[in-house]
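In order of appearance the chains are A, B, C, D, E, F, G and H, and numbering begins at 1 in each one.
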Amino acid sequence: MLSSDPSRDPRPSVPQEGFVDVGFARLDSDRARRTGDAEVVLGQGKTPEQVVGALRTLSALHPDRAVLATRLDEPARAAVRTALPDADVDDVSRTAVVGPLPTPAGTVLVVAAGTSDGPVAAEAAVTARVHGAGVERVDDVGVAGLHRLLAVRHRLDEADALIVVAGMEGALPSVVGGLTGVPLVAVPTSIGYGTGAGGLAALLGMLNSCAPGITVVNVDNGYGAGVHAARIARRARPRDAS
Amino acid sequence: MLSSDPSRDPRPSVPQEGFVDVGFARLDSDRARRTGDAEVVLGQGKTPEQVVGALRTLSALHPDRAVLATRLDEPARAAVRTALPDADVDDVSRTAVVGPLPTPAGTVLVVAAGTSDGPVAAEAAVTARVHGAGVERVDDVGVAGLHRLLAVRHRLDEADALIVVAGMEGALPSVVGGLTGVPLVAVPTSIGYGTGAGGLAALLGMLNSCAPGITVVNVDNGYGAGVHAARIARRARPRDAS
Amino acid sequence: MLSSDPSRDPRPSVPQEGFVDVGFARLDSDRARRTGDAEVVLGQGKTPEQVVGALRTLSALHPDRAVLATRLDEPARAAVRTALPDADVDDVSRTAVVGPLPTPAGTVLVVAAGTSDGPVAAEAAVTARVHGAGVERVDDVGVAGLHRLLAVRHRLDEADALIVVAGMEGALPSVVGGLTGVPLVAVPTSIGYGTGAGGLAALLGMLNSCAPGITVVNVDNGYGAGVHAARIARRARPRDAS
Amino acid sequence: MLSSDPSRDPRPSVPQEGFVDVGFARLDSDRARRTGDAEVVLGQGKTPEQVVGALRTLSALHPDRAVLATRLDEPARAAVRTALPDADVDDVSRTAVVGPLPTPAGTVLVVAAGTSDGPVAAEAAVTARVHGAGVERVDDVGVAGLHRLLAVRHRLDEADALIVVAGMEGALPSVVGGLTGVPLVAVPTSIGYGTGAGGLAALLGMLNSCAPGITVVNVDNGYGAGVHAARIARRARPRDAS
Amino acid sequence: MLSSDPSRDPRPSVPQEGFVDVGFARLDSDRARRTGDAEVVLGQGKTPEQVVGALRTLSALHPDRAVLATRLDEPARAAVRTALPDADVDDVSRTAVVGPLPTPAGTVLVVAAGTSDGPVAAEAAVTARVHGAGVERVDDVGVAGLHRLLAVRHRLDEADALIVVAGMEGALPSVVGGLTGVPLVAVPTSIGYGTGAGGLAALLGMLNSCAPGITVVNVDNGYGAGVHAARIARRARPRDAS
Amino acid sequence: MLSSDPSRDPRPSVPQEGFVDVGFARLDSDRARRTGDAEVVLGQGKTPEQVVGALRTLSALHPDRAVLATRLDEPARAAVRTALPDADVDDVSRTAVVGPLPTPAGTVLVVAAGTSDGPVAAEAAVTARVHGAGVERVDDVGVAGLHRLLAVRHRLDEADALIVVAGMEGALPSVVGGLTGVPLVAVPTSIGYGTGAGGLAALLGMLNSCAPGITVVNVDNGYGAGVHAARIARRARPRDAS
Amino acid sequence: MLSSDPSRDPRPSVPQEGFVDVGFARLDSDRARRTGDAEVVLGQGKTPEQVVGALRTLSALHPDRAVLATRLDEPARAAVRTALPDADVDDVSRTAVVGPLPTPAGTVLVVAAGTSDGPVAAEAAVTARVHGAGVERVDDVGVAGLHRLLAVRHRLDEADALIVVAGMEGALPSVVGGLTGVPLVAVPTSIGYGTGAGGLAALLGMLNSCAPGITVVNVDNGYGAGVHAARIARRARPRDAS
Amino acid sequence: MLSSDPSRDPRPSVPQEGFVDVGFARLDSDRARRTGDAEVVLGQGKTPEQVVGALRTLSALHPDRAVLATRLDEPARAAVRTALPDADVDDVSRTAVVGPLPTPAGTVLVVAAGTSDGPVAAEAAVTARVHGAGVERVDDVGVAGLHRLLAVRHRLDEADALIVVAGMEGALPSVVGGLTGVPLVAVPTSIGYGTGAGGLAALLGMLNSCAPGITVVNVDNGYGAGVHAARIARRARPRDAS
């Protein structure tokens, strides 16, 4: 464009403390030191090339640790598979992981209400694992068939943190939250139709739960729930020590 | 006001077929014939004098049947108690009933989640009774303490229609609806705070319930639920005939 | 994915009481015993293969009863037609039915305001029939041409339950509800544009109806209305016995 | 306040063409010439003194024509009664009129659904009359008792413009609009509760009416409907000339 | 579908008074007698075949009058052009007209704020013409360049009814409404982005206009505005008679 | 009321496993066993008598543990002070505590953005303490004066769980969340005006935070945040053991 | 409260760089150095004592500069008048100013649409003056009477920054913004009713203005607009230098 | 269409003072004289032919000045490149510029939170440059990694106006606004998901910022922010003169 157009000016990639300028972004290369969490690339809104570039840069900076990419659409997943053959790319959770996983500490249990909530539950599970927790899952235990949940009730108390994923009216966290005192993060999903489309009903249901101590993340934000739950689990006292 | 102001022109109370003109309203005196339901006065937005006048007119037209008034504030209830000493006035449900109750047919069970939902549950119960059904109640069985609901589970299947009242996230109808096949009307209440204020969260939760066959009425509309449930109960086959 | 990724661990399909684990879901195989209703597969959010698999499993468990699938898109309907040639697949209501229909008990009348409301009305009709009721229909009787509704007025009182389907401003249930005392479920549809898009105007109109006893389901939820109405109809006293 | 504070500087009331500066406002004294309408004082948000001052100024400028004040609370009405004893002050419509009414031309029929809609209907009626139309009224003809409306159906076609006032679900304009081709303005009222509180349900219902040619004003805006309808009526061909 | 499926039962097209049953709809054939308006087919939500069929039926019933179809997508317009070669099909307004236009009576002036509002303005213009009014137009007179509007100010007072079409903030009706006393219908359009997407900002702006007497229709509802304005224009006194 | 009115029937207070029927409520007396949390009375929507009664019953059942009451208005606090002189009643957090506090385990740090957020922060702090955690606080560190937050930055990493309270745009959790990896619960408050009134802006800001791992509770829900954070803190590994 | 309750622990008022701890708040005493703006106390949500204390502290720290307090209710204004007799307290803008005003630099013109918008316009004017600009005002020039605005059109271009205040549909900024190229800040007010209540319609109108370069602040936020406009004015080139 | 259809009548392109009628639009050719701003073509909602035609006409009228087109989709950009080879067309900002750029006066600094906010930041930058300001940019300094922003803090105070672009929770303007007193315009972007989709969360966050003096434009409205900021910058005193 015009010579006076700043958007065309080449921006030098001068490395500075705590971030790397890769031309289209200033990658935060300092997160692990500040927070103990993994480096992460949010795929949404990025081109496949940008995703690959960011993964490559961050894993080169941190070859000893897993780097996670989330919300990868099909072209991005294909590009990662081609460019980074060692990456672990998953079509359900729409994630990619590059580098060695940390030793798991503590246990996060991911509980999902219905089949359609699966991708969000999977994103939460992968994220929690990459962030250092051990992960287990229970699926398809929606409140309309309470016997399915009660059959696995004993597993709730054995976890260090719970992630409960549900769409529609989002009632599952209220029921689970009444059965156990384990820290619980609720994830509303956008599964639903009519007034339930977009996940607003599930979100409001979880925010207004009558069960105490339930916290909530944004609609479909399995990633955020996974980070929070892993942070809890990895600093929890071992079971036999409690 | 001005002689040309139509709002001051006295409107003659000429009786016409199906309604009575009492000056400030054209009372629908024909409802029972059309629908089998009781005559009802909605107290909200009416002065105590208007409530008393409407009750008096309708009970004079239908001395053999109960006439119901709902949403009566304290002054209206006091005015009814003074003007119509035979009326049955209730401070919890904020209702008044004039005239003999019908013989109960079938059973409506009103289930409420919390103490604060009591007034709405009471309005539903009184309405269903006035509209011809027998009524029973179960209170304080919110989903955060599931054992309280499971302890009365057997009573659900014995009813001809269920009214389930809940505020907050409104999850109780989903759980009840998964336990029984009795026709169920859910009533969201305005109990809650923050994003739950006004009952929107409970309403959306009930509309998006994952349990099948749940129908919903407006927030705090115990009256509407009572009418619907009574219509179901009074035409249900007797238990021993089913 | 990673060996430590729980989403890849094969979950054994251990049968348990009340549900069947088919790998991607824990099918509720116990609904009929608990509620008397049919087993149902919600097609939305499922792949054609998942729909076929669920239908096959449930109809194998319940060969003597109809199994219903709803919200099937074109590929899912094609897959069902191919895999289950005995299935009754309908393009208007987007449903499939496998297995013998129950003997009809009582009558549900489905009333629709406009041509565009037809698919939702059809879903309600099929659902009510599968859930045990006889079904009749009246179409295109919107309130802007009141003479069309008044011409079929006598049919309203002959039903055991009414389902009234309307988009736009959703006024039809108010008018029908003022003409009869039969239990009435209103179904808002997403037909409309501008502020009416998505069905919110119709939903609010029905929730705030000035006619008593109207209950409402989610936008486009013909299925939910059909279940509720069938539950009413199949336990109603026969006409000659009332 | 501070000498440099502009809000304290006395602003000279220099008369200019088309408005009069009365210290707290620049009164539009030119409306009649531009639009043929009456001068109007919106009482909401004004002190009683400001209302009296504006009425006095405008009626002094236009002694030959009626000046209207709307949305007067009780203190404002009392102040007007004391200061302007010839004013016609009405407690239901919360209006005051000073000066001679115009000769009525054409007919506006104001139709109201329920008793509680009375104040808005009265404001519409007074406004239309002050703006030059003859006015008639029909009250309490809500759609839940259709026979009441059908009993006065013949009066609809005799008007030059219709104003239809309704709260709750706001269905009355749809039904009236299907019966006649007279220009119709719908006025939603804030009568309702739960999701109907504030008049949103009625507003959406009217905007999405399936009856053609219905136009809508803001919630409770009887004044705006009255101006529009009077403009139609006073330029309509006389009946015998049509 | 199943033999017991009511949606498959052939519904006989028994003609009845006031409507024609064409299989997929009960066409209101009586509108002209009741309201004086044209027969209209709303194309949205109908297949091309249904549009052609409805146009054919209504124009056969009313060969002496224009029949209007609106909101026709490209396939529907192509189908009408092929099946009804005498139809007047317009790509901007997305309408089709079959049959002779009425003699114009009175004048509707359609004023549009921007180029993008053109299709809605065109729908309003065609509708008003088909419904019996003469129509004139002024385009691209948005309030950000006030001189464009003031240059055509004299034309406002010469009309019998005004239709003012605007998207974005929808301010044009307020400015026009302050300049003239001609009855004015405002039409918000869905032109805009961010918080303006969908037309809500324009709709709210028009409903809350500080100019008196403005009435509003649904977003993009040029048709509704055209019907209302034509009803006003065709019963207006001729200019020389006023 | 009527003898057939169920709301008047005395309900016997038959003790059952897991709840106590005190006439107006079925108190959940089993929470500690199920969840390890304290028994709690939500004061909102209860009369002072009901609050006192519930506190008395629960503290009699659990004399060895603290019982908490929240959202107590002034009359309720006065009633508790009179009836239960040993209760610890606090006017800022609007809470009351009866019985001995547990030995604190781990540390919850409550961070508040502004003075007006104080009551919600206080409720969170009292709740966390009653639920078994040690509690510290930092106040008035809003993001518009970043130096105030950076001055206490070192205290963030020393906590086992963070509660970050903010109104207005709710940006504080994003900034805090970028500085530390400690599990963080964000609490939006209803402090604000215009579009910020009610706390919606703060809630949305927190749900959409670009900092990872932030979870959110309902507006003003200090109680919920306190329960969640205490559950984390009391099972966290001691610092020297990590 | 409890000895372990942190909310009761006396927090020492240790002065630190950039803020002063006054017990209930950490006052930002560094704003002038960072931003050049005045120190400000937001009165909303503070007790009269807190307002007086904050004003006293900040004016003691900055005796040479004006300190501003906004959104003072009547008790707060009375407390300030008593405690700080030199303060300039204004009832319309609900502000108080302590200390000498800065020399005005540049000119901010505050334009208001209606009488009811006066308090917000006054808050903007006082704020701009305290923040260093000269201030002028034009009132009551709403778009429904365009001649009032056009009469003062020449004053628009003479300002360095414009603040345009309007409620209802908020159209005034669009018209003003089309007449001049001076930087313009639009302030929506909460003046309105029905769908206009709360200022949402005005806010959306201003955000979607078709006039270029308009920026917007929160509803009723005269303070924010005043700060922004003063920042522009005080760095503007003098007129004769441009 | 019909000969009486006004939408087909050829409208003569009679030039008039201040606008040019090009058939499909009345181009405002007078903007520069009134406001000093560039002529602009909003590409959204226009065909490629309309964009080219408007650019051609305006640049012919103003050959000495740059003409800007915004929101050009790919076909429009291709059409401009073909028809106007001298145009400067940019794919990131989706803009085209025809004609010589003005000499830059003052400096606008555009600050963006994340990579995905780039296109909106680019539109703001190009617009500010075309409207006469010098422009600089800082990217990818979101609040979750505060060190990236603090590293460039000194550049904030060197600008005459700031444009701060952010999606998600939109917290960046609050943090920047607390660090500097330069006039700041915040631009929310539609980057986000769940409750953040569409930019509402970012918009509300910015409107409710606790940092003073922040003004806001519509979601994704980089153009509006660029015009406002350029107006500030080009009339700012030179640095050495301040």
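Convention: a contact is a pair of C-beta atoms (placed from the backbone, for glycine too) under 8 Å apart; a residue touches a chain by one contact, two chains touch by 3 or more.
Since the structure is predicted, the reported quantities are computational estimates derived from the model, not experimental observations.
Considering the contact criterion stated above, the chains in touch with subunit D and with subunit G alike are E. One of A-B, D-G or E-G repeats the interface of B-D: more than half of the contact pairs, counted by residue number, are shared by D-G. Separating the CA-averaged centres of subunit F and subunit G is a span of 35 Å. The mean-CA centres of subunit D and subunit F are about 50 angstrom from one another, to the nearest whole unit. One inter-chain figure worth recording: subunit G and subunit H are separated by 27 Å, centre to centre, where each centre is the mean of the chain's CA atoms. Each of the following residues of subunit F touches two or more other chains: 114, 144-145, 178-179, 194-196, 200, 203, 207-208, 212, 218.
Interface note: chains touch in the pairs A-B, A-C, A-F, A-H, B-C, B-D, B-F, C-D, C-E, D-E, D-G, E-G, E-H, F-G, F-H, G-H.
By the touch rule above, subunit G contacts subunit F in their complex via residues 1-2, 4-8, 11, 16-19, 24-26, 28, 30-31, 44-46, 50, 71, 188, 190, 198-200, 203, 218-221. Residue ranges on subunit D touching subunit B, taken from their complex, read 88-90, 92-93, 97, 101, 104, 110, 114-116, 118, 121-122, 125-126, 129, 134-137, 139-141, 144-145, 147-148, 151, 191, 193-197. In the complex of the two chains, the subunit A residues touching subunit F come out as 34-37, 40, 160, 178-185, 203, 207-208, 212-218, 223-225, 227-228, 231-232, 235-238, 241-242. Of all residues in subunit A, those touching subunit B in their complex are 113-114, 142-146, 168-171, 174-175, 177-179, 192, 194-196, 200-202, 204-212.
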